[in-house]
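Each structure below appears as structure tokens.
Across the two complexes that follow, chain A remains constant while its partner is chain B and subsequently chain C.
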Partner chain A sequence: MPKFLVLYKWTLDEQDIKVKSDDLSLDASRAKGKISDFDRNAIEEAAAIVEKQGGSVEALSYGTPTVKQSLKDVLSRGVDKAYWIGDASAETADAAVTAKVLAAAIRKIGPYDFILTGEGSSDQFNQQTAPRLAALLGLPCLSFVHKLEVDGAKASVARKLADCTELATVTGPAVISVLSDINKPRIPGLKQVLGAAKKPSEEIALGSLGLAAEDLQPKASRRSVKGFVMTRKNVIYKDAPADAVAKLVSSLAGEGLI
Partner chain B sequence: MNFELTEEQQLIGQSAREFGKEFLDPIAVDLDHSGKFPKEIIEQLASYDFLGLLVPESQGGAGAGFVAYIQVVEALSRSCPAVASILNNHAMATHAIATWGSDAQKAEHVAALAKGSRLGAVAVYENGPTPGIGPDALVASRQGDKYVLNGTKAFVRNAGVADVYVVFATLDSSEKKEQTAFLVDARAGGLTVGPLLDTMGLKGCPVAHLLFSNVSVPASALLGAENGGSAIARTLLAVSSVAEAAQTVAIGKAAVRHAAEYAQQRVQFGKPIAVLQAIQTLLAEVATDSQLAWLGVLRAAQLIENGEPFEADAAMVKAFLARFGSKMLIDCCQVEGGFGFSEFMPLPRLFRDIAGTTLLDAPADYPDKIIADSIA
Partner chain C sequence: MSDDTFDAIVVGAGPAGSACAYTLAKEGRSVLLLDRGNSAGAKNVSGGRLYTYALELVEPGLYERAPLQRKIVREQIMLMNDRGATTVDYFDPGFGEAVPQSYSVIRAALDEWFAGEAEAQGAMVAPGVVVDGLIEENGRIVGIRTGEDEMRADVVVAADGVNSLLGQKAGLFPDVKASAVGVGVKETIELPDELISARFGVKEGEGAARVAIGCTEGISGGGFLYTNKGSISLGIVFNPEQAGRQTRHIQDIFQDYKMHPAIHALIEGGTSVEYGAHLVPEKGYHGIPKQLSRDGFVVVGDAAQFGINTGLIIRGMDLAIVSGLAAAKAIIAAKQPADVGTLYRQQLEELLLIANQQAYQNFHGIFEISRIFREYPALANDAMQFLFRVDGKKPKPMLKGLLDIVKRNVSFGKLLGDGWKIYRHI
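Presenting the complex of A and B:
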């Protein structure tokens, strides 16, 4: 029976983030945390497979100390046990640092047959965790997965690529990143929410992973994040309807929109 | 004093919000138009354990407590207050049996109600000036080992779809017209559900009169003691009024959110109307009223959960929202102008719904009297 590990990120809920009108900077002071959207799909996929054919689902997250707030949420979504690494270094960690931390933790708590994660996170959507992690662990990586079937240690996947769908099989252990259309994540029922408190969770201290200081030194740093606001051109054609339509069509064509 | 919710309470509220977005947002407009009881939605609510939220785990429920219940009622009401009304009436019937029922009554009803295989309703109102008075009063006569009920209960929510009714009647031997509570099976001979009332709002939550003609129930259907129903009804109405206050706050929040988004998008004289002071004042007042009321709702809910006296706090919230509930909607409509008055916007539906949540389960003077008594 397959043993899954799902990696998830505890992100800010973008619905709570305001874009300041003067400099387009972001005000996240009232933003609550949430499990990154695509990671919810990964959790759901593993949980659904295990509910159907047995096995186990564990979850792991690396984040700032606020990641602890995610434990009951993730445990209410079909996960049997949650591991968490809460450390301030996550605030500035780039994709390479994140992958190194996760890989070290997996070496400590593993092995697993399949390591699932979302294709990208809700906040940065770098899409680097799965391939970097697979490289560090020496495992095959299947990304852009929108269908997954598991039979023992073998997984069959459909990958949604830019101009085609690729069918592939892999024998675990393997790293798989999933797209949002692979499933519809469950809404936890009350008994799942209340039952989460009875499930185990375990903190992994970053210092226990044997990483060197340079492993935690990000090479890429974020200088600023600004909101995107679509500005309107406010072009008004006041001609007779036929002429106005002609000018509108001409204008759209001139900008390559039609 | 701590106003922070526990993680479980937050997650239960989050689940209810997700449920609202997934299942209620898509049907809210159609439900308002059709008024048809949303059976499949109630079954969905049951599958997520929302119907047994208040019921202790030992009786087959989730045992999540009243603060969590309020989170759910509020979250569902942001999407569709009518569904929250169905849930609340069911939850109050279930709560009554779980709290005041005999062991046999609990064994027969509570687990089934918590699971959603049966639906409950509370029948408390009558057409007369006060229960037990007037030609339509529901009167119970003890006849050997059974009671026979004759009369009418008015404005019963979940009428016609409930499987069991918590019914308040006046014993013909009761000189002070105290109420006595009974459990009446919907299939009882002589019980008729009147025509559904075409209500102003909360459409989809069926409301009708129940007509009792020689309805015979066994003595074991007595809920609590003879003449002990008035106290049960008072408590149930007070508890229910807190849930309805949560509904009112939710409707106000939904309205102000919509109005604020509209104000950001509506451009007049080259800038969004959201930057105009007159608009900001309207929105700020609604946001303030709903937020302060919500704190009051949470306080009353916490008192209920703690088993402390809560009636005065519940009445204060109810009275506050009776005054400011409809005003919140008027102000939001004003922000949206002619569009806000149009049926293709959500505010008219919310306006009708908030009339229901502020007017029902407490006549206008009811909370004021409780408050006055508490300070006298």
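Presenting the complex of A and C:
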């Protein structure tokens, strides 16, 4: 019976992040945490397979100490046990650091048949965690997965590429990253929410993973994050409809848009 | 507690539900607090001034932990016509002495905090859960339904707000009638905190609360404005039946209120960050359903239609908290679930909620005088204009001038009649 590990990121809910109009900086003071969107699909996929055919699902997240707030949510989504690494280093970690931390943790708590994660996170969307992690662990990696079937240690996947679909099979252990159309994540019901309170979770101290200081040193560092604002021309043609349409068309043509 | 049974299930994590769950959990009762919002308060938009005494009743000093905005030290009444406004401003920095009398609040923050306090006392809090039914056995309510799940409890507390689905399902009262509620629309406008202090003439941490009369195009209702930290809450509450007969849209009336020179100067340069609409119980004492409980079931807060609107004061949150507390005390004191109803009534009396409702019980009748919402505010402004006008022309004799203004806006007969009516209702 397959043993799943789902990796998830606790991100800020972008809905509540505001772009300040003066300098386009971001105001996240009202933003709450959420499980990154695609990771929710990964959790759902593993949980649904296990609910149907047996097996187990555990989850692991590396984040700032606020990641602890995610436990109730993740455990109400069909996960049996959650591991978390809450450390300030996550604030500046790049994809390489994140993959090293996760790989080290998996060596400690593994092995697993299938390690699932979302294709990219809702905040950075680097799409690097799965392939980097697979490389570090020496495992095969299947990305862009929008269909997954598991039979014992064997998985059959459909990968959604630019203009075609690729079917592939892999024998675990393997790393698989999924797209949002693979399923519709559940909205946990009351019993699942209450059940979450009784499920186990375990903190993994970053210091216990045997990583060297340089492993935690990001090579890419973020200089700034700014909102992107589309500047509109705000032109309204108030003439009679026929004239207004003619003016609109000629203006669009003038911009080289049609 | 067995796996699926609680001493109490509280539905709705507004002020009523959280006050109830907090008190029960503090006494060691097993309590489940449910709310349909993704976090408690996520969907609650009401404007806000909270009278502090209610939190003090729950636990002395509790208010000091709450995310309060500004201590209200200015009470303002503004009578508007389309030109200008006459504002009465009562400034009292010590209002309430040791415990300040009231604070402006932002509901999303307040509700999340209060539910968190209940959780810290040991209540099980589950947001994102819509309760869609009650479980009834042998005439008793024994639990709730949500989707596929059922959960049982000795007592279900319906704190689900003004349009209480659970109270209706339990058969305590029918669906809300348009005549029994007001509709409130509210907007939050962000502005630099220092600018707000300067515009309202208050110190940091202190604020103003304003009611506005004459901004509803004659519809029974009024405007309100509260200063928060870094924002202003602005809105109007109006009678939906009268509004329905109007040709103008409420959003246009609200827009005019915002653009009125006396209001616009206060919010100018701000950014609108939130907009919402909600119902308010309007009938006061006479709107409270005869029956507030059944075996295994009680209604609290807006669900029980508790609310006081004197035209100058809007109270709902404080009564919600007091009634939530009353229900909790009743559940704690009850030897068996069947006793809760009677004990709840007693607690509502003891905590003076009923006495407060009764004191204003006939106020609602005053709002039937339509002239309060247009003619009288206009009269006040005309009178002010007359009293302050200096243009070198020959002034009318004082008394005659004022009487002419009265005559122009209302007739003497109506003035006397309305005066008598108000006197009777107070």
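The rule is short, and it goes like this: the second predicted complex is superposed on the first by the 234 of 258 C-alpha atoms of A that agree within 3 Å, B and C clash if a C-alpha of one lies under 4 Å from a C-alpha of the other, contacts with A are read in each partner's own complex, and residues count from 1 in each chain.
One rule holds for everything that comes next: a contact is a pair of C-beta atoms (placed from the backbone, for glycine too) under 8 Å apart; a residue touches a chain by one contact, two chains touch by 3 or more.
This one's a predicted model, so the numbers in the text were calculated from it and none came from an experiment.
> Judging by the criteria at the top, classify the pair chain B and chain C on chain A as clash or fit.
Once both complexes are aligned on chain A, chain B and chain C clash.
> Answer with first, second, both or neither: which of chain B and chain C does A:45 touch in the superposed model?
A:45 sits against neither chain B nor chain C.
> Which partner does A:194 contact after superposing on A: first (chain B), second (chain C), both, neither?
both
> Touching A:87 in the superposition: chain B (first), chain C (second), both, neither?
In the superposition, A:87 touches no partner, neither chain B nor chain C.
> Does the superposition put A:37 against chain B (first), chain C (second), both, or neither?
neither
> Where does A:69 make contact in the superposed view: on chain B (first), on chain C (second), on both, or on neither?
First partner only.
> Applying the touch criterion given at the start, work out whether A:113 contacts chain B, chain C, both or neither, answering first, second, both or neither.
Touch partners of A:113: none, neither chain B nor chain C.
> State which residues of chain A lie in both footprints, the one left by chain B and the one left by chain C.
Shared contact residues on chain A (touching chain B in one complex, chain C in the other): 187-191, 193-194, 197.
> Can you list the chain A residues touching chain B in their complex?
For chain A paired with chain B, touching residues are 69, 72-73, 76, 187-191, 193-194, 196-197.
> What part of chain A is in contact with chain C in the complex they form?
18, 21, 32, 187-191, 193-194, 197
> Which bits of chain C are touching chain A when the two form their complex?
Checking each residue of chain C against chain A gives 32, 34, 39, 124, 126, 128-129, 146-149, 151, 271, 273.
> Enumerate the contact residues on chain B facing chain A in the complex.
It comes out as residues 7-8, 11-12, 14-15, 18-19, 22, 47-50, 52-53, 62-64, 68.
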